[in-house]
Amino acid sequence: MARVYLLIKTESGMEEKVYQALKGLDYVSRVDIVTGPYDVIAIFEADSLSKIEDYILNKVRKSEGIRETTTLIALTA
Amino acid sequence: MARVYLLIKTESGMEEKVYQALKGLDYVSRVDIVTGPYDVIAIFEADSLSKIEDYILNKVRKSEGIRETTTLIALTA
Amino acid sequence: MARVYLLIKTESGMEEKVYQALKGLDYVSRVDIVTGPYDVIAIFEADSLSKIEDYILNKVRKSEGIRETTTLIALTA
Amino acid sequence: MARVYLLIKTESGMEEKVYQALKGLDYVSRVDIVTGPYDVIAIFEADSLSKIEDYILNKVRKSEGIRETTTLIALTA
Amino acid sequence: MARVYLLIKTESGMEEKVYQALKGLDYVSRVDIVTGPYDVIAIFEADSLSKIEDYILNKVRKSEGIRETTTLIALTA
Amino acid sequence: MARVYLLIKTESGMEEKVYQALKGLDYVSRVDIVTGPYDVIAIFEADSLSKIEDYILNKVRKSEGIRETTTLIALTA
Amino acid sequence: MARVYLLIKTESGMEEKVYQALKGLDYVSRVDIVTGPYDVIAIFEADSLSKIEDYILNKVRKSEGIRETTTLIALTA
Amino acid sequence: MARVYLLIKTESGMEEKVYQALKGLDYVSRVDIVTGPYDVIAIFEADSLSKIEDYILNKVRKSEGIRETTTLIALTA
């Protein structure tokens, strides 16, 4: 099993929109709007890391309102 | 009582505008244009944390000229 | 319900030790050693935010091997 | 009047100690332990900026438990 | 005498333009395009800090091509 | 021989486009889309550092989709 | 094939020592002391990502003089 | 002519000591204790970049009290 945490900075004021969009995506086991230096955190889980990486690159990062992402890959999934 | 410090990076040249807009908002006990890695700092105070969080999310972060925010929640308010 | 994500930078080489220590703590629903700019991520869940905050301040941050933490409080828990 | 916000990263587990030490210092109008990428925030106020700067440099930064500080000088004090 | 170092991130590809614009400004004793996490550094010198701060806020930060600035005020000018 | 590592943050969703564009450029010995706090990394090699620096400044940084770059110059090339 | 870029901040003055130690390690295809916000960069290559991750976690991060690391996993290896 | 700006984070409370030590070093045209996210900034000038880089690596970074440095090489020296 593979797990990836995606830390997202949104365009200002777009947190809710990004949050709703991510909730409906594949492999997403949890999404939260958060305080601190990031705006949204999403957790992706799938049976292979490359599935998640492709999906983030080709689908998630193209979602409206996302300005910057930092990817944390779980080594203990 | 709840207190939140909002560290704001504005669009370049928009410090004064953001500063003036924040001064007029609810729960805002102080605003300053600052030097350093941030442009404006605002202090919010209310009787509940969720009031402040909702207000920041749905009102403040939608103000014109705000590019990025970092939220610091006071644990000793 | 309250949820907090704790992004942890450990002393170099102490990831495994911090990971094992956090796994045994109260309110911890998940811990992972991760890649990227952080070393470990822990998710705390409890019926009140102040319980988690006190616990992080008085227990977690005093664990051996933790160098720096960034706290993300979920606004959509 | 001059005002300076000091964002402090403490040695892990030393937040309470730094918080208590700062509360007793000159020119300090407020101190809070906070969540997010910093651990403590202190607000200094005095009739001149150089008084505050000297004090931070020669007194505050030598307090036990302080690892890193970021100084924000208010331009609208 | 007051001295301020302004670390500037420009819009990508705008380094030369920002560099040329800053060279012609008041109080600027040196400007350089640089490598590393910033794109341009400018040093301002004047007989008072507030003159420089006002100028940066009302003139420099409104120059085209500037995305983000970090201000370092010299305590040993 | 001179070697420079260019750490690139792209506009969200533009990783593939930037990656393809950089692959075709002069002096580029390797390009990768990556996880973590950056999106793309490119390695430049040439017989002189100034050749690479000029090229990055006048060609690479003007490529579409590049938001921010951090330059690491190899001291052991 | 898997490739990982490791961005390393060393204890101050320990760059050369870390550089020499990393040069002799398994999977390391290149190491450089660099300028900018990091001190050393190392590139690891192996036939599987987990081999590299284990090695970084259990061997590299325990090397003397390493203070902080940021891992970038190549998605286009 | 080559010019390098060195942004320095010192051990907390060691600013004055680092400042005095750097003032006496070769190639140093200016040093300042500063506010903001760094503690000291030093400007090095010499007839070749490699002279400055060697000196920073083998002499400056081994000075007592220096925790972290970020090197900005001037492309317009």
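When the chains are written out, they are named A, B, C, D, E, F, G and H in that same order, and each has its own residue count from 1.
Basically, a residue touches a chain if its C-beta (ideal position, glycine included) is under 8 Å from a C-beta of that chain, and two chains touch if they have at least 3 such contacts.
Predicted model only: the values in this text are computed from it and were never measured.
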| item | value |
| --- | --- |
| Intersection of contact partners for chain B and chain H | D, E |
| Farthest chain relative to chain B (centres taken as mean CA coordinates) | G |
| Equivalent interface to D-H, taken from B-H, C-D or A-G so that over half of the residue contact pairs match | C-D |
| CA centroid of chain C to CA centroid of chain E, Å | 39 |
| Separation of chain B from chain E, taking each centre as the mean of its C-alpha atoms, in whole Å | 25 |
| For chain E paired with chain H, centre-to-centre distance based on mean C-alpha positions, whole Å | 19 |
| Contacts with 2+ other chains: residues of chain E | 33, 35-37, 53, 57, 70-71, 73, 75 |
| Chain-to-chain touches, reported pairwise for every pair that qualifies | A-B, A-C, A-D, A-F, A-G, B-C, B-D, B-E, B-H, C-D, C-F, C-G, D-E, D-H, E-F, E-G, E-H, F-G, F-H, G-H |
| Of chain E, residues touching chain H in the complex | 3, 5, 7, 19, 31-38, 41, 70-77 |
| Contact set on chain F toward chain A in their complex | 9, 12-13, 15-16, 33, 35-37, 67 |
| Residues of chain C defined as touching chain B within the complex | 49, 53, 57, 73, 75 |
| Parts of chain G lying in touch with chain E, wherever the complex brings them together | 35-37 |
| Contact set on chain E toward chain B in their complex | 53, 57-58, 61-62, 66-71, 73 |
